[in-house]
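Structures given as structure tokens follow.
In what follows, subunit A forms one complex with subunit B and a second complex with subunit C.
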Partner chain A sequence: MNRTEILEELKKILSPYTVDKEKLAAINDDTDLIKDLKINSANLVDIIIDAEEKYNVEIDYDSAEKMIKVGSCIDVIAERLSEK
Partner chain B sequence: MTSIGNDIIALKTIDIPRTRSFGFYSKILSVSEQQLYQEQFTAIPFELFVWLLWSVKESVYKCLQRHQPNLIFSPVKIELKRLIVPAVQSSSFHGQLANTGFTDSECFCSEIRLGPRRFSSRSVIYGDEAIFTVAQPAEDCHAESVEPSGADLRQTQADNTNFSDIHWGIKQINSSGFETQSAAVREFLLEILYILYPGRELRIIKNDAGCPFLFVDGQAVEQRISLSHHGEYVGYALA
Partner chain C sequence: MNRRVVVTGLGVVSPNGTGLPAFLNALQNGLSGIRFMPLYQELNFSCQVAGVPDFEWEQLKSYISEVTFHGLKGTNIGYGIKAALDAWADAGFAYDTDETRWDTGCIFGNSIADTEAMKNVIIRVDNKEARKLGSRVVEQAMNSGVTSYIAGRLGLGNKVITNSAACATGTQAILMGYEYIKHGYAKCMLAGSSEYVDPYVYGAFDSMRVLSRKFNDQPEKASRPMSATAGGFVPGSGAGALVLEDLEFALERGATIYAEILGGSSNSGGQRGGGSMTAPNPAGVIKSIEEAVSMAHISPDDIDLISGHLTATMADKQEIQNWSTALKRGGKDFPLINSLKSMIGHCLSAAGSIESVAAILQIKHNFAHPNINLDDPNPGILELIDRERMPAIQVNKDINILAKANFGFGDVNTCLIFSKYKNK
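Let's look at the complex of A and B:
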């Protein structure tokens, strides 16, 4: 799975947690989940768990703390997928 | 370092089975905090303990973020060192509550560490509605001599950090949309700010990191403020 494919899947994961669907459709590596998509910080762990379930990977808390921008989310998911 | 942070959790929005899953809570609680729960705090429903600690850690993070805008929130590394459970349970706050100071017997008093830095917090759980927390840098904590596992942390005397001059408020609103939450919490905080600054032009402006600052007649002032919202609840702290 390449970065573009992960990005498209990530949009589906993020969708329940943001009301700004226009910004969600236009996300890129620099998009900040909290500042740009207005996702509540209390949902950040939900997003990580959803990603774990979607890709059947385990994301430890050291990696999870990096998942604040779309690009770093894709980095972490791609890294975990490559280890499978 | 002078700072303040607060957080509010809308309890009706939490996913209890998910919160109780290891994959979820292990990203919030450290191993020693998980042990601490098993050893001393099983009278508290586990999902409430997890979200109480989230609220405490998020509040501490907001304290730090004011001075370190690029700090990454890492809940597991912000560790609870001491927790005092309230003698009296709080019930509903009937839609809106604004107060000054905390009654220690009615709130969870916590001492928290992040590396060498120490913080103190006060949290209130309002029935099945909300968890509200205010944190600030600690003045005189007992955490130096207390280890989280093995020691009895259920002590009754709170630390000496002064919360008596902190104004705080929580309010239930009709929408969980971001824009509504954001406008409602500002309006709520401005109600008390206009009492403190009568006749002045007040603005609350967030910096690039998302930390709010108060501007009076166009000038930034030292007043410490913190905003929070989650679901249909908003909260503020002001010192």
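Let's look at the complex of A and C:
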């Protein structure tokens, strides 16, 4: 799965956690989940759990802390997928 | 300063009607909301009927954001949100605000988190999967979940309190809201309560042998307050909410006023003098009614209608006796009395708020709703009050003053006095 494919999948994962669907459609590596998409910081945990389920991977606490921007989310997911 | 407190908005999720028009229609036509529950038969419960609101979960999307809706599992919270936000809109207020509404608070009660939803939490933890629970469990497991969702949606910034007093929860919430406004702490309070009786809570009541079990094949006949064949209560679920306001504040903004709260009292019989965890001490009940009448500065003779607790158990007769003693009225001189539980069962924490919404609608529309299923009044009750004081069909008359009481496990009592609003 390449980065573009992961990005498209990530949009679906993020969708229930943001009301701003226009911004979501236009996300890129620099998009900040909390500042730009106005995602409640408590929901980052849910996004990680949903991503784990979707990709059947385990994202440890340290990696999870890096998932602040869309780019870093893709980095972590791509890394986990490559380990499979 | 003598502040007056009025009711300016109502919202309801009741087994026999969700939303005010449906609920009013149900009250006026004696419609039952009690249904047969196939699951309860499967589970070998003795009582297999319940009061279940017609509630489309997806409709919550028009009340709360998609993000909040996603992951909302607590049925009690869903009912509470709908009733509270309907009441808020009914009072003429907008949902959205950028500023905190410092003058308005929320007192919403409930008994317990949705155990059915919590079951999934327990299973995950037991499977060593606690890390998969996510962020949305705690806010729905906490008793204050319901007030947190409501107050958060509306930006309420005054006192935000969750109360719990078993079956007296709803009336107690309204009394507390009234008191905060009366004492000048808040201009407006959104007060109410909700209850979702899931199979686990229901099962526990079933085991106490306090539920109706002889009418499983005739669900609408199963809840029979004050009748000789009353054989236990029927659990019900739902929510009720009232917007309470300082009269001056309400008049200034041109609000529509449904009714006035003249006073009330909340106490406990101390689980003494015949009172226990599950039974009220009559002295406590009588004192609560007497105090409510006294706080409201009315005479017992002014009461046109009593909305009783009257659950359809052995306790109904004692309750009538207590009212009769407290008000010093009996026979033909007793006020009209009715029990909404004949139509919707006993909604536990939500009973007081749903029944208060019904009380205010009866004041506004000048009627006493029927006691359905009262074909065979309890002979013991007939020794205390006249048959026609317990109407089996709707009575159309001016209802100026209405007394509403609920009595709960833990020997807690609350009595409220509602009145038509008069610009005296």
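What we mean here is this: the second predicted complex is superposed on the first by the 84 of 84 C-alpha atoms of A that agree within 3 Å, B and C clash if a C-alpha of one lies under 4 Å from a C-alpha of the other, contacts with A are read in each partner's own complex, and residues count from 1 in each chain.
By definition in this document, a residue touches a chain if its C-beta (ideal position, glycine included) is under 8 Å from a C-beta of that chain, and two chains touch if they have at least 3 such contacts.
Just so we're clear, the structure is a prediction, and the values are computed from it rather than from any experiment.
After overlaying the two complexes on the shared chain, residue contacts for A:Lys66 are found with subunit B alone; subunit C is out of touch. Looking at the shared chain after the overlay, A:Glu9 reaches neither subunit B nor subunit C. In the superposed model, A:Ile49 makes contact with both subunit B and subunit C. Contact with subunit C, but none with subunit B, is seen for A:Tyr17 once the two complexes are overlaid on the shared chain.
When the shared chain is aligned, subunit B and subunit C each come close enough to touch A:Asn40. In the superposition on chain A, no contact is made by A:Asp75 with either subunit B or subunit C.
Of the two partners, subunit B and subunit C, it is B that touches more residues of subunit A.
Common to the subunit B and subunit C contact sets on subunit A are residues 19, 40, 42, 45-46, 49, 52. Taken together, the subunit B residues at the contact with subunit A in this complex read 9, 13, 15, 18, 21, 23-24, 26-28, 54, 58, 72-76, 177-178, 210, 229-230.
Interface residues of subunit C facing subunit A in the complex, by the touch rule stated above, are 65-67, 70-71, 131-132, 134-136.
On the subunit A side of its complex with subunit C, the touching residues are 16-19, 40, 42-43, 45-46, 49, 52. Remark: subunit A residues 19-20, 34-35, 38, 40-42, 44-46, 48-49, 52, 58, 61, 64-66, 68 touch subunit B in the complex.
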